[in-house]
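Heads up, the next two complexes both have chain A, just with different partners, chain B and then chain C.
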Partner chain A sequence: MQQRITFLLFTVISLLIFAGCYLFSITLSKTSFASGTILLLCLLFLASYQLRKKISFLPLGSSAAWLRFHIFIGFLSFVVFAIHTRLQIPNGLLEFILFLTYYTVFLSGVVGLFLSRTIPYRLLSRGEEVLFERIPVHRRKIHDRVKTLVFDDAQPEQGAALPDFYHKHLQDFFEGPRHQISHILHSKRHLHQLKQKISAQEPFLDEQEQVRLQQIAEQIQLKDDLDYQYIFQAIIKLWLFVHVPLTYSLIIFAFYHALAACAFASTSG
Partner chain B sequence: MTEPLQPFDWKNSNYERPANTWVCGRLCEKGLPCRLGPSNKGECQVQSQCEPAEKGGKYQCTRSVLNGGKCKEGPAPDGTCCQPDTSCQPRRSLLAKRRFLGGLAAFIAASLCLIVFSGDSPSSLLSPGEVIDAHANIESNCSACHSAAEGGLDTWIHLTMNDDVALDDSALCLKCHTELGEEALFAHSVSVERLHEITSQIQETKETASTPIALQLASLTGHPTTNGKLACSTCHQEHHGRKANLTQLTDLQCQSCHARQFASFQHGHPALGDYPYERRSRIYFDHNTHLNRYFKNEEFKRTMPHGHKPESCSSCHTSDATGRLMLTGSFEKTCASCHEPQIEDVDFPGVPFFALPVIAPTLMKSQGAWPNTEGSFATARLPRLMELLLENDPGYQSAIKQLGAIDYRKLNNVDPEQAAAVAEIAWAVKRLLYDISTSGEAALTERLGKNSALYLHLKPSIVPTLSQAQQIWFPNLAAEIKDHTEKKALPASTRQKQAPSGFSTRNANSGWSISDSDFTVRYRPIGHADPLIKGWLDQAVQKDQKNLDRDSLWQIFSNPTASGTEDSHGALASGRCLMCHSVDKDPVSGVSHINWQPLPTQQAKEQFTQFSHAPHLLAGQRLNCENCHVFDRSGTDSAAILQSDYFVRDRSNLFWQINQNSRQACTSGFQPISRQNCSTCHNQATATQSCLQCHNYHAHRKLTSSE
Partner chain C sequence: MSEPSISRPRRWDKPFSLEPGSEEEMTDADVEILLKKPPFSQIDPAGFKRSLPLHDIIKNDARVVGFDDGDIVVRRGDWGNSAFFILSGNVRVGLERGKPTLPDEILGRRHHKVKNLWESFSQLWRNHSVPEVRKLDSVFSKSELKTRHAHNSTRIYLQEVSAVLDKYHTARLETGHWFGELAALGRTSRVATVFSEGVSQLLEIRWQGIRDILRHDQNGKLKQYIEDAFRERALAAFLRTTPLFHDCQPELMQRIVDQVEFHTFGNYDSPKPFKDLIENQDHATEGGEPVIIREGDYPSGIVMIRSGLARISQRHYNGRRTIGYLSPGQIFGLDEIRAEVQSLTPVGCRTQLSAIGHLNAVLVPTPLVEELLKQNDSTGAADLHEVKTHVSDSGSHSVKINDDTLLSQLVDQNFVQGTSLMVIDLERCTRCDDCVRACSTAHDNNPRFIRHGPILNQYMIPNSCLHCVDPICMIECPTGAIFRDFAQGDIIINEQTCIGCAQCASNCPFDAIRMVDIRDSKGNIIVDSKTRSPLTQATKCDLCIDQRGGPACERACPHDALFRVDMQDASQVGEVFSR
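Presenting the complex of A and B:
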């Protein structure tokens, strides 16, 4: 219901802006100034979301509400941008860079919205939610546990089958994040292959070694879940590396563009 | 998942600050962070390494609870810590990296903008796009169009606060676009007063149409006017590419300013009125009468034996190079076959430029010779050129002052006490002839004074003919002038020349002739477009309008019934200049001019409407001239054509009455074009009913033939 109301509101406001610009254009008013001013205000508001996070101690509304409004204004800015540019690619260098920057920021925002709507569900589907910054610690612990099972818990009479298996198939897996593409594609083939290798190794081990191998298998699952969490949390964090820095560039380009437009556009329109 | 990965209690969890700029390097490399992490400055703060203390000969662990408490292993025998923590190189956190990248992006953007905006003049990098082809040669010179380009960044910031920058920039446009006139920045390039006048005229008409809803709503937004002026950029928006159309406006945009608004040309457009015949043609020509009467009826073969009927409209009219105008063929091609004989008019003796007044020999006692002019002078006034030449003669001026109202046909009837004044007139005429005979053009120059510039260039010159007339009429004039100057009494002429009963001419080849029958020097046009007559009429209408009624030449060549003897009627009328060539008067300057050409070479007057014949003629064979130009058969019977009312002039005796009554006005003989006729092609279905197809915004824009 809330989504419907938001969509309806967005449609109404977009139509009002479009109609306003159209009516102003009929009277030969410079609609570019009007749409440009609205667009600049939208950009400033969108950028202020970052500021809102910094001053969270002030009672400025919940972050969730700000995010919803951020998304709403973001899409609205695209409508205004389309009106402002008349859906045409500008010819001038500065304006083309501005055009490109806006689209990159907008599309990265859309991508971010998509990621923030899909990834949490995927994270919930596998493993325990962990803090991104703690993942190296967890990975280390898992690795230590595996090494303990392979080397420290081994009895003197037991052969080198398990250590060989570790060196051959497990060491690289546990040393860092692995199979990131497979995780993104939601594939478990690599895990299945590893389990098959474990199953193939099992007949060659004694009972005690088999127990330890099962414990290692549990750690493999744990590590794979951790990798899954790592790659998706990294994606969520990395898209901001495009969205946020380019927003700063966009605002600077927009201010310069506004200055040039006010000083020069009396002839160019 | 068999066990939770992460503890959240403070004892089992490191103190994590992911929002900090720096994170532990060991965390990143090995997943073994120290418990405190780096400082805010990015320095490692390894403090977990304890310094074992010696108590009783044994070393004991001193690790604090915050750093994990005492270790089980305890210090080594030599007193070193068994869990030595090595310091690491802290690394920037993700947030810090993002912050850094943001700063870098902003720096690059600002630097790029500063490069583009730096310098005293804007870089071409600042240009938002290419200008149109016509402006391409000034594209690199920003200051040609932008006043802001004269200064740097500070100027631009200042200009953003200046409301008049658009008008300042428009003044730069008008430096080149001088063809738009002095009122170019006002709506439609007409003055505010004129615009109000036009608006009032439109509002007075009764036609109404429903205003489109978009225009009703748009009217609430107001208009971008500055002191009643409109900046060029209001309509013309540059930097949209070489092939952009600077004049493209929608119908709604055009109408947003208009008092009367309507949906489209097809629905609601006002009637076209008398278009395109709202003004009389520059050449008086009644198509209807010519095509349906002169070329049809046998009776006119008598007066126009060589006349030939045009086969179609294109026999006389062909389009210009652009196809915009349908030009009228030359006189020789289209009119001469009928009207050349009328212009040559063998019965027309010519226009008198010089005439001897009627003075009886009895009034010239002791005043020298004077031909017997009795009964020969035809008009009450002297020819206009004579008046001009005698204007600065004090004796003549004194005489006419003494005589009062003079009728040069009746100077013989003056009172005896006025005889001396009449004689003085005779002497003034003789002095004039003598001066011209002896000094030629110099005498004309001196006598015409300020008027000399106007009349002296009229060729062929009258001087040789006047000298010859002097030899004939006053053979002893030099001696008489000498004696008269010395105040000697002169005998009356011993040879009283009798006026011949017939009309005789001499030197008629040049156009000039001497008539011994009425003692006049006349000029007879030697053909169409005679340069002397054209020049005289041009001078007369432009410089001497007040005296037109005194100018026999003007009267003859503008009077449809005058032929020099004032007794010719009918067909001879079209042999006179101003029967075909109309006169226009500029309402502002008051200057008149004769339309020698059918169409003006430049449109100096308001032109709100434009029309090009070419696309209409190319539209297919189904279209021909008569589709739009329908004959108006009303008022074309011979009685109506030839009635005197047809030639009624206005009060100044200069201009024909215009369009007040179709039976009296001189029109082309066609019905006005109807809007319905146009809308058969120009309608919503064909999408060819834009305002700009037929209307000019700049009403005073001078169009060249190439346009």
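Presenting the complex of A and C:
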């Protein structure tokens, strides 16, 4: 219901802006000054969300309400931007950079919206809930457990089945986050391959080694789940590093553009 | 570089009588006089430990306070940490709990010292870069204890006592009576407002003192006294809070009051039942809890919860399934008695009631309930529909969550204790940690929780303070530094009186209290002047009590993923957990 109302409101406001610009264009020759001003205001409002986050202890409304409004104004800015640029690619270099930056910020916003709606489900679907900053510690612990299983005191390090298998197939896997693209694509092919290698190795092991290999297989699963958690948490953190700095650049370019436009308008009378 | 040092605070470094609001310091002579008068003269001092004699308890945990005409002593709804004994004069108690007596406006409800706009804003640059900074002079120090405010400087009073007496229903309590002990012992809010009628002198005892007296009073006179007082003064009003008793005839009510039995389950002092509950989930629903009424038994009466929480469960194959829980004021067993009245054959309970942790309950015997039901039926006095709705609510699922397993986990892990339980819906949470950052900014860069804790279905319950209905963290605090805020009921820690003994932290079953080394503004760890060991203090979520706009974490979540839920509020619980 709430979504429908928002959509309706969005359509009405967009139509009003269209109509306003059209009427304005009948009476005056240029509408870009008006649409540009609205656009700049939209951008300033959009950027102020980051400021709101910094002063969360003040009763300025909930961050969730601000985000909803941020998204709404973000989409509205797209409509205004389309009117402002008349859906054409600008000629000037600065305008072109501005054009490109706006679209990147807008698209990154849309991507962010998509990520924030989908990643929570993905994170819930696999692995243990771990704080991002703690993931390396967990990974190290898993790796240490595996090394203990592989390099049992009784075994000579070289020429034994498990250490050889470890060096060949496991060492790299346990050393850092791996198979990130597969995780993003929700593929488990790498895991199946590793399990196949384990099955192929089993006939060459004695009973004790087989037990230990099974324990190693459990750690492989844990480490893979951790990688899954890592990549999705990293994506959402990385996204902010793209969206926020780009927004600031956009604001700087937009101000420069506005100043130039005003200066031009005043000199041309 | 020399470390800043002060002497480590201890219990009774600061006797109650030296705290602001006291009349004058309690002397040995004052204590001797008191010990000669009942009820103290009836307490056998031989039962007390040598390290904790009755004399010292009274000297340090009690104080004499003088009140003028109209001065408010306690207000309905405030959280009580102390009990009062009338030494001279009279006080008036506002009656009819649940009905609008003595409205808030004339009670001058106090407000917190919330940061003003400038103070809030300046947190952005005034927060310290090192953790847990304290001002040296704000940490408990003996020199500060010598200063005290004039005892009437912050007192609230009723302007026209005679007009108040004409307009509102009140009762007089005279010299020799106790009041406030039930709220102090049950760790519940005050049920009535009490104000002084004329000039009166009261002995106020903080609950740690009453607890110690009850613990060592071998002939149990004080306990008996407190029970009798409750029966005499508050029981009828308490019973009338449920629709069933609304229109009970005075004669029947008097018989009910005379015959009601008081029952206590679980240990008042020990947080053990909670810890067991959480650590040993297998026993949570079966052997771990004292059973109040067993499934299949004929109830000997209806049980009404006074304080604490109770679990309603039902046999499910070879185990028990939790189907609801009861909070204070709710009743159990009425359905069965009603069915018995209608069919004239005894009906066994379809569900079982057990106590979660410490629980106080009253039992109204079956014959009296039957009489009451017949009276209500014949006179049509009570709104039967209202009674039935209430009863069926409390008799089965008092709090509705569509998911039985989730409800059961919430009860098993005792999260139903929370009056402000933090819940993060992981289906919405993007793990951005804006909530933690907001908490950190609001607390001098020391966040009071991390986004980590048990996960039930898709809900994470971070290890943040729940602000329990029955806050067992307060039980052992020797100085009362951890207390319920009078105005809001939040559990907060007073850093001026926290001596760092860690009792609260070890009692909290939710690991919500952290002991931290405290530092001065330069980042140096503050040490005890004698032992040179670092001074620690307890810290935890204070629900942003000094911030404008309440809990920063909840407001900071961009995805509506973090909630503060009052687990006693069925509608809130339903809203959050059944989305």
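The definition used in the following text is that the second predicted complex is superposed on the first by the 255 of 269 C-alpha atoms of A that agree within 3 Å, B and C clash if a C-alpha of one lies under 4 Å from a C-alpha of the other, contacts with A are read in each partner's own complex, and residues count from 1 in each chain.
The rule we apply is simple: a contact is a pair of C-beta atoms (placed from the backbone, for glycine too) under 8 Å apart; a residue touches a chain by one contact, two chains touch by 3 or more.
Since the structure is predicted, the reported quantities are computational estimates derived from the model, not experimental observations.
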Put chain B and chain C onto chain A via the superposition and say whether they clash or fit. fit
Applying the document's definition of touch, where does A:S116 land relative to chain B and chain C: first, second, both, or neither? second
Would you sort A:L124 into first (chain B), second (chain C), both or neither based on which partner it touches? second
Touch check for A:L9: first (chain B), second (chain C), both, or neither? neither
Once the shared chain is lined up, is A:E218 touching chain B (first), chain C (second), both, or neither of them? first
Chain A-centred angle between chain C and chain B, computed on Cα centres after superposition, in steps of 10 °: 120
Figure out whether A:S62 sits in contact with chain B (first) or chain C (second), or with both, or with neither. second
Could you look at A:L44 and tell me whether it touches chain B, chain C, both or neither (first, second, both, neither)? neither
Output check: A:L93 vs chain B and chain C. Expected answer is one of first, second, both, neither. What do you get? first
Which one hits more chain A residues, chain B or chain C? B
Chain C versus chain B - closest C-alpha approach in the superposed model, Å: 5
Take the contacts of chain A with chain B and those with chain C, and give the residues found in both. 131-132, 237, 240
Taking the complex as given, what residues does chain C use to touch chain A? 117, 120-121, 123-124, 426-432, 434, 437-438, 441-442, 450-452, 455, 458, 460, 544, 547-550, 552, 554-561
For the complex, which residues does chain B have touching chain A? 1-2, 4-6, 14, 16, 18, 23, 27-28, 30-33, 94, 97-98, 101-106, 108-110, 112-113, 116-117, 122, 125-130, 142, 145-146, 148-149, 153, 155-157, 159-160, 165-166, 168-170, 172-173, 214-215, 217-224, 231-241, 249-250, 252-253, 256-257
Contacts from chain A onto chain C in the complex sit at residues 53-64, 66-67, 115-116, 119-121, 123-124, 129, 131-132, 233, 236-237, 240
Contacting residues of chain A [partner chain B, same complex]: 19, 22-30, 90-95, 97, 101, 127-128, 130-134, 136-141, 218, 221-222, 225-226, 237, 240-241, 244-250, 252-253, 256, 259-260, 262-269
